[in-house]
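Paired with subunit B in one complex and with subunit C in the other, subunit A is shared by the two complexes that follow.
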Partner chain A sequence: MWGPPDMKRFLKPGWLLLTFYSLIFFSFIYLPLAVIIIYSFNSNPMDMTSWQSFTLDWYRGLFGLAEVGPSLGTSAIYVESTDQLLKALRNSLIVATTTTIISTTIGTATAIAMTRFRFRLRNAYQGLMMMPMMMPDIVLGIGLLIFFVTLGFKLSLLTIIIGHCTFLSSYVFIVVQARMAALDPALEEASADLGANEWVTFKKVLMPQLMPGIVGGAMLAFIISMDDLVITYFIAGTDSTTLPMFIFSMLRRGVKPEINAIATLIILASLIIAVIGLYLRTRQVE
Partner chain B sequence: MMRRQSLFLASLLSPVTIYLGIFFIGPLAIIAVFSLLEPGLYGGVVWNFYHWNYGRMFGWADGVIEYYEPIYLKILWRSMMMAMFTVIACLIFVYPVTFWVSHLSQKRQMFFMFLITLPFFTSLIVRLYAWLMILKPSGIINDALLWIGIIDQPLDMIFTRFAVVLGMVYVMIPFMFLPVYASVERLDRSLIEASSDLGARGWQTFLKVILPQTLPGIAGGSVIVFIPSVGNFVIPDVLGGAKGLMIGNLVEQQFLDARNWPFGAALSMVIMTVVLTVMLIYALKIMRAGQNVGAS
Partner chain C sequence: MQPILEIRDAVRVFKTPEGGAVRALDGVNLDVDANEFVTLLGPSGCGKTTLLRAIAGFEDLDDGQVRVDGADLRRVPAFRRPVNTVFQSYALFSHMSVARNVAYALEVAGVGKDERTRRAGELLELVGLEGMETRKPSQLSGGQKQRVALARALISQPKILLLDEPLSALDRQLRQQMQVELKNLQDEVGVSFVFVTHDQEEALTMSDRIVVMCDGRIEQTGTPREIYRKPKSRFVANFIGETNMIKVTFDGKGTATSVEGIILKVSEAAPAGRATAVLRPSDLTLSDSKNAPAHAILGKVRQEIYLGAELHYLIEADAGGEYWRVTAKDEGVGFHTGQSVALSYDPDVIHLIEGDA
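Right, the complex of A and B next:
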């Protein structure tokens, strides 16, 4: 009954101004990403922020196709850092993949238990699942660090994976629980009435319906794991640098022009994953 | 039948119970323990009860071995203020846009929601690096201001508290947008109509009708923005320099440079207390609001 036109009447004097402001707001959000992408094609090796001319050298350098850098002497550093970059990327992919599998399993199982069963400690579990998401990263990071060191764990990719799963299980849980809440329990009841036991009902009735939620949760876990810096920073061993850590240490040491090319590729990769994920979700809704 | 069901439930819940029991509750408990231990001379700890870690921050140091250093409380206060500024700035930036988006067609609403959430999925460190480039003396903001002629020398924007708050606002915007938008979208528009039909001015309608109805979203968004802001250490590290130091940086220093783990643990207990207090207040308010709705 109260469609948009009525509201527009209320806002009319300011509507144009509001539209103008909102569009500026959205440009503000994308400005930083645009800046990096543009600078990644800037050939100025001394100051990336002043434009010289268009080049693809930084990308070529990343893939080892070109010797880049102002002189031969420094180019050795670039090649070395490319190797480190690839190693960091590999570490990140190992961590994110393993973390995604473990946290999706834990989060999904918990979400099913919480929506299909009534039990005494249900509220306590709900609170427990929210805690890791609300706990500041740095607290969890140093907690895990002390924990691992005190118990004699060697800091490695394994400790990073363990750390990531503690909070990513909660993210998966939230996404899958939302999906669970939207499902019709009558289907499972029908399955049980027809004589299927819990496991068969679980496998044949619940899982297929739940799959979009599980995939969504898994993608979220993968993206956050790939991107996590704070917790990783504290519990990574010397040999287990991940991609965000690599960039972070690059920022601390002083940046090199190729960082723009790296950053652009990271932006592109994460945008592709996010677009696929969000597309899948909107298709479900329809 | 019942037994099989509870067996099923147990098998669903055991992974999370074991996992979080060991790797979440364990670390939190060990921080609490460590914050009350004596720091060893060359890093590490001595297993003695030692309350001076807190005394050093809050002022009951003995003045012989441990000194009271007001700087810690000062930086804690500063961090809380910066997180507060971040919350307020996020809210001011986001609030008008949520109204705008909520008046678009269904399809466009989806599109702009998508635009808001998308940057969240791109690397945090890359986005911060971008701000480093933008705020630099030779970055585009200074270039633009110089070109227009507002300033004749580049402004020092990088490595200031302003840069830190700006970075935090930028990163936290989706977290403020989504809850506020949810409450703006649910606004009872007939009430707004009624209010203006009855002769209320725009700002009166806003204060008496719109603002109270969107308050739950504002409160939720504020909590979600405040909590990760107050203990942040990456954003002040990248954009803040020495002037923009926050409590999270102090914790990091204790662990990686000073190697005084018990004191670092005590500092993070303080962060945890601030966060839990904010959450508790929020939860109590929500419960009270729920009771009021139930009573009326």
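Right, the complex of A and C next:
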């Protein structure tokens, strides 16, 4: 079908410039990530920036499988932090999963209601839904903290989950609403016309049609929840350290090679989630 | 026999953003008989789609009744009404196969899988789509989607099938083919069709009866021939096909005179008074002005349009007034622009709309 590429076209100055720009652009975005991944295999414990030799020690150390040689501190710190790391990871997963389920439900329901029904103060309501997204994290964090303290909540994983749901519902809402707005209203009418009540219509027509938006919104909520530091920092109890908080506190004691390993694992997890998400999307959209 | 569908004094008022109110349906009465093909015809905003949606149950009436088989459908939700709809956008479920789309009504009603597969196959055969069961709607052409929508709406054997401009998205050739197929299909399945369109040609082709609507009211109801030949108002005459309309005054003795002074010979039965005379372009015959028949209108050719089988002329009467439209068969000899011609007609085919309007 295609003839041999017309090489002349690619040698024009415009094309060369564009190619050069693209390379720069992608380097700018991905080089920092590449550096992290590469140095997570660097065996030099003192100076992370100079390459010594290949090692998996930092990964083993993370899971308590290897005594990591003394670097800036003593090995005791690392063994202890492995437990802390796993606990932080567990906390983050609990928070992100619960938050994703709740905010996806709220966001999706709101998106459907906002698109299908006309009611008083609808625009005001829409504005209120967007507000948490625009609000600076630090303001939201302080606000939530004062709120919880005033109501006598004990800061815990529960307060983090509630806090995350307040603004992640908005994210899901935005994503699902875009999908909902593009949907032909006649689809629901056709379903009703053919004998389906509202619940059956929701189950058999609306949900499958919205699924790409719902999956996208849920993934976004999960990733933001996993990643959030500023808001979480304010509303986490002493016992409810999340992964970003753990990494942040590790950094404050100096940049250690394990951080590269943790970061690489997080990148890997994100990639897997993204690939699953993309796969689900292409399967749903036809 | 009781009509299958009865609409009584239907009123529907919409509020405009400016705070005003539009009467989309303003006291509509309509009966549709079993097995009848009725077309609701009118310009956009005339209320035809609102009426269709009120029958389907997507729109509430502010006043009046919709009865199907004698049963009042007030407060009966759309999903319990014995009518089905073919939507303008087809509204096929893109995440389902063609077969599942067609069998959706059965799936919702809890019919078993084997029975659903069998019935979907039957319906697909009826609309000429055998073997397409496993395709997705996105893999179909416009005409095929149309047929799937039809099959889907017919599978639960509705009492009335409602069609909302279903052919408007198709190209001209396919549209004409589908018009014939739709009419044949209706004869075959024996369901009453209520068809909404703004295309008068479509309406004339398919309908047993045409309902012409304007501003939320029914202007005229009748067979295609009645609507075309005996329009009750200038609006109907104008909307259905090309027309020559001229305001005249009768003397009651078979002569009518227009404001411009054109004299028409009309049927002697016409009473004295004012009226609008309606002459279709095909009712007029062109001849050279040198051997003009009696009572002919004299004028000059202003434009000739060659359309293959037909020729269209615009004629300016010597007495003035609006140009006359004339259709003639292409018989080898034409009349050229500027030529003096005579327009003759059969006085009995002149249709008169009485009154000043």
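Just so it is clear, the second predicted complex is superposed on the first by the 254 of 286 C-alpha atoms of A that agree within 3 Å, B and C clash if a C-alpha of one lies under 4 Å from a C-alpha of the other, contacts with A are read in each partner's own complex, and residues count from 1 in each chain.
The rule is simple: contacts are C-beta pairs under 8 Å (C-beta built on N, C-alpha and C of every residue); 3 or more make two chains touch, one makes a residue touch a chain.
All figures in this text were calculated on a predicted structure; none of them were measured in a lab.
Looking at the shared chain after the overlay, A:C165 reaches subunit B, while subunit C stays out of its contact range. In the superposition on chain A, contact of A:N197 is made with both subunit B and subunit C.
Once chain A of one complex is fitted onto chain A of the other, the partner contacts of A:A181 are absent, as it touches neither subunit B nor subunit C. Once the two complexes are overlaid on the shared chain, A:Q209 sits against subunit C while remaining clear of subunit B.
Of the two partner chains placed by the overlay, only subunit B lies in contact with A:M135; subunit C stays clear of it. Of the two partner chains placed around the shared chain by superposition, subunit C is the only one that A:E189 touches, whereas subunit B remains out of contact. Once the two complexes are overlaid on chain A, the subunit A residues touched by subunit B in the first and by subunit C in the second are 197. Against subunit C, in their complex, subunit A makes its touches with residues 184, 186-187, 189-197, 200, 204-205, 208-209, 284, 286. Taken together, the subunit A residues at the contact with subunit B in this complex read 1-2, 4, 6-8, 10-11, 18-19, 21-22, 25-26, 29-33, 35-36, 39, 47-50, 105-107, 109-110, 112-113, 117, 119, 125, 128-129, 131-132, 134-140, 142-147, 150, 162-163, 165-166, 169, 197-199, 223, 226-227, 229-230, 234, 243-244, 247-248, 251-252, 255, 259, 263, 266-267, 270-271, 273-275, 277-278, 282. Subunit B makes touch with subunit A in their complex at residues 4-5, 8-9, 11-13, 15-16, 19-20, 23-24, 26-28, 30-31, 34, 93-94, 96-97, 99-101, 103-105, 110, 112, 114-119, 121-134, 136, 138-140, 143, 170, 173, 189-190, 192-193, 196, 202, 205, 227-228, 230-234, 237-238, 248, 251-252, 255, 261, 264-265, 268, 271-272, 275, 279. Listing the residues of subunit C that touch subunit A in their complex gives 56-58, 77-81, 83-85, 87-89, 91-95, 104-105, 107-109, 136, 138, 152-153, 156.
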